[in-house]
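In order of appearance the chains are A, B and C, and numbering begins at 1 in each one.
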């Protein structure tokens, strides 16, 4: 048998190399010899005809909203036919990447953390030259940064969001805590101690600290409050392992050690935070706008009517919210970029955004003075107006995803007591250093 | 079937194919050329179906693994030879992922095989309501993996999961605890549990198909010789099942080695990267990071590892088969 | 036969135990699909729910427009058609090729089988982008045909191997007899081998069907509308970034598990081959 085997393995090698050789021939022309302009085959187009647009399901505007906007658009521009597709947020990035060489989509929805990556790899086009000057002055400052990378614009802001501070009014009054005291993180910590001491709730705080982007969002908001920076000012070195970046992590760790933070935070996403908060098992939480409506819906919540919302507490350095917005971009391969731009301009306009303000708050400053917009969410809009003007971005570098993954793992190492915070951040900085160039 | 089948010549053919059939085909030895043509003809459709789809992407991935490709577009990229392979092999995160994958593969495959063997016996046994039992056994296999992952994440939820509620109320544990978020090794084991719960059915059904080819006469003869059920299982069933065991072992090893969906849904690679497997790492490299070359070289390293493992299995099983009576 | 009686009791107890282990998590899935959202997250656990609701099933069966229900129903149809197409094709080529591997003498036989298996060892993640380009070039993106083609390449290697293992375990004499009676090789394959191979064919078909039913990554990337999205992708879209009702996922999961189970029950009698009724008590 064994001679048989060795003979076979030699033959097998031959056979396999023949197969891969054939594949190599087929494939080689695409990698080596292809023309290097093939990545930039987009064309302005006539501004008419069919375009495909990629959106996400859930969060922000609903599928029905987007279809309605699109129908209205087509009434105004009958020569452009828009075909929208919807995928889960989790699939959005990969779908955009996979579809890029085939130019399947003309318009794509991108998250705030992707412009650097997609812009530098020319997956989406630079639209700076088309970007009207008045948009730059009329949009909220935080929104504008969403699609910007190195002073160029790679899309138009569309879904605007940040994390607000939510609290259970019932629990606070039971513990005799004044909601006004929650305007600083120190105040939050004091309030949490009071809530715990009076046994109002076992763990007053719940966060989304699972090893995922959600962890970075919470961390970013604290980094902003403690005056930390992800990168040095010239963008060439890592800065999160010193100063505010370290203090933010130490604050997180302290609330865990003091049992003020629910230990299950380390396996929670925003949805788990929503459930635990809505079930009355936490008094305070950081989350996106949607929590307000969800926690006030008696169908899914036991604390409907007892939900307070405030802008994020401030630390020694201020109170910026994490920028969790999304933008619409024109894909580089699109053969109908003009029509794509017309469509984007229409659905990001203040008029359209005001009409659908109930689903997602507009990006335009003046919308917040529009009584129709203000009345959609009377408790949230005044807070949002203040918070959305002051946002902090996660690092805008092409390799953001890799840095984020490293940081997620190391933050968890610290939170789960596997490393001291300083060591964890130093290790993250060491691994991330090479990714900045 | 009316005609009683002739007793099968004991120890059956080797794992991946029979012994050269010529030994048992005295009829037309001269027809070798005809056999080759017929074999080609019969295998051609399968080859078209598989290689028609896979050859170009696999070839391209191989080429990409020798260049430094950092965007999805075709174009000019620097040729770097084997550097992607050496870089990735020097990456500490890979070896952590290899450790997790190896543990996951060995434990889940072994459990599925052992439990699957027992389950296959039960499936073949003369039970009342056997159709119902079979329907129940097929349930986990029929449940899509991503639902399975979501289900177990739900059951094991630290805050409101039913596992905690049940174990606490039965006083088997002091209070609610974290299954997926605190201890990386515990989380990995819970992923194993979810995988074994689902895939033991598959193993059992493949082994059941094999059990059906074992003539009843053999067991009866053994019983006449005074062998109990365990002896008869070890001496007759097991050796005759070797080809089927080889099949499911290789199948499950490949699948376990490539495990992705269930990790993606259950833990997202956490806590503290404790459930990150090779394919998950490949996914992060190839998609999130757009390091297509690292991803492609990882893929080929994975293939090499699985292939070696598969060959070792087949070798071992062949030897055990030769030793059996 | 006292020993036999004891053995039979043992078998039934074991079967009950196995059923319990299998059904417990599934029962919880079923339970979660019926109770209200606030019951799902209560602590301590309320074993008797406050709200029982059929809303999720109503949504899935009757929800219209762009809701989760309509998406789920079309995904069910897509999954079924894709899986059925894949089963037919991969089983046909698997039976033909498997016969060649089991019974014919030709050079590189093992290598041939191994090279098929190697294709299956490649993680899909590495193939997905070139494959996307290829599908785009042939206009196969977001079509069920495209998915059938991709899934056949996944299911065929094991169909080949399993069928060849199965054929090889059948006594060669039966086929010889048929050939002496004047059947050609293919005639013997169809008239003698296939009827004896029902358990193998059924296991292979189940495998191919459930592989399609389960596959997530390719479907996620290659489909984008209701024309071709399959069940796992539709259920994954129940989750997404915000506002996940696990009850809806649970209801979707329960419904998604049913068609394969029904199919398996309908065809399960073929699992008992004519060759060996080894299980029937003698």
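Keep this in mind: contacts are C-beta pairs under 8 Å (C-beta built on N, C-alpha and C of every residue); 3 or more make two chains touch, one makes a residue touch a chain.
All figures in this text were calculated on a predicted structure; none of them were measured in a lab.
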Exercise. Provide the labels of all chains in contact with chain A and in contact with chain B.
Key: C
Practice problem: Report which of B-C and A-C is connected by more C-beta pairs in contact. | Solution: B-C
Exercise. Compare the CA centroid of chain B with every other chain's and tell me the farthest one.
Key: A
Practice problem: Go ahead and note the Å separation of the Cα centroids belonging to chain A and chain C. | Solution: 36
Exercise. Report the inter-chain centroid distance for chain B and chain C in whole angstrom, where each centroid is the mean of the CA atoms.
Key: 15
Exercise. Could you tell me which residues belong to chain A and also touch two or more other chains?
Key: 19, 27, 30, 94, 97-98, 101, 275-276, 279, 281
Quiz item: Among the residues of chain C, which ones contact at least 2 other chains?
Solution: 40-43, 110, 112, 114, 118, 128-130, 133, 236, 239
Practice problem: For chain B, write out the residues touching at least two other chains, lowest number first. | Solution: 51, 56, 58, 60, 72, 74, 159-160, 287
Quiz prompt | Residue ranges of chain C in contact with chain A within the complex | solution = 36-38, 40-43, 65-66, 108, 110-112, 114-115, 118, 128-130, 132-133, 136-137, 141, 220-221, 224-225, 236-237, 239-245
Self-check item: Complex contacts: residues of chain B adjacent to chain C
Solution: 1, 5-6, 8-9, 12-13, 15-18, 20-22, 24-25, 27, 32, 35-36, 38-40, 42-43, 45-47, 49-54, 56-58, 60-61, 72, 74, 118-119, 122-128, 131, 133-148, 150-152, 154-155, 159-160, 162, 165-166, 168-169, 176, 197, 201-202, 205-206, 208-216, 219-220, 229, 240, 243-244, 246-247, 250-251, 254, 257-258, 260-261, 279, 282-283, 286-287, 292, 295-296, 298-300, 302-303, 306-307, 310
Self-check item: Residues on chain B engaged by chain A in the complex (per definition of touch)
Solution: 51, 55-56, 58-60, 62-64, 67, 69-77, 79, 157-160, 178, 180-182, 267-273, 284, 287-290, 311, 315, 318, 322
Self-check item: chain B-facing residues of chain C, complex
Solution: 7-8, 11-12, 14-15, 18-19, 21-23, 25-26, 28-29, 32, 40-45, 89-90, 92-94, 96-97, 99-107, 109-110, 112-114, 116-131, 133-134, 149-150, 152-153, 156-162, 164-166, 168-174, 176, 179, 185, 195-196, 199-200, 202-203, 206-207, 210, 213-214, 216-217, 231-232, 235-236, 239, 246, 249-250, 252-253, 256-261, 264-265, 268, 271-282
Practice problem: Give every residue of chain A touching chain B within the complex, in rising order. | Solution: 1, 5, 9, 19-20, 22-28, 30-32, 34-36, 38-39, 93-94, 97-98, 100-101, 117, 121-123, 210-212, 262-264, 266-268, 272, 275-276, 279, 281, 399, 401-402, 405, 408-409, 412-413, 416, 418
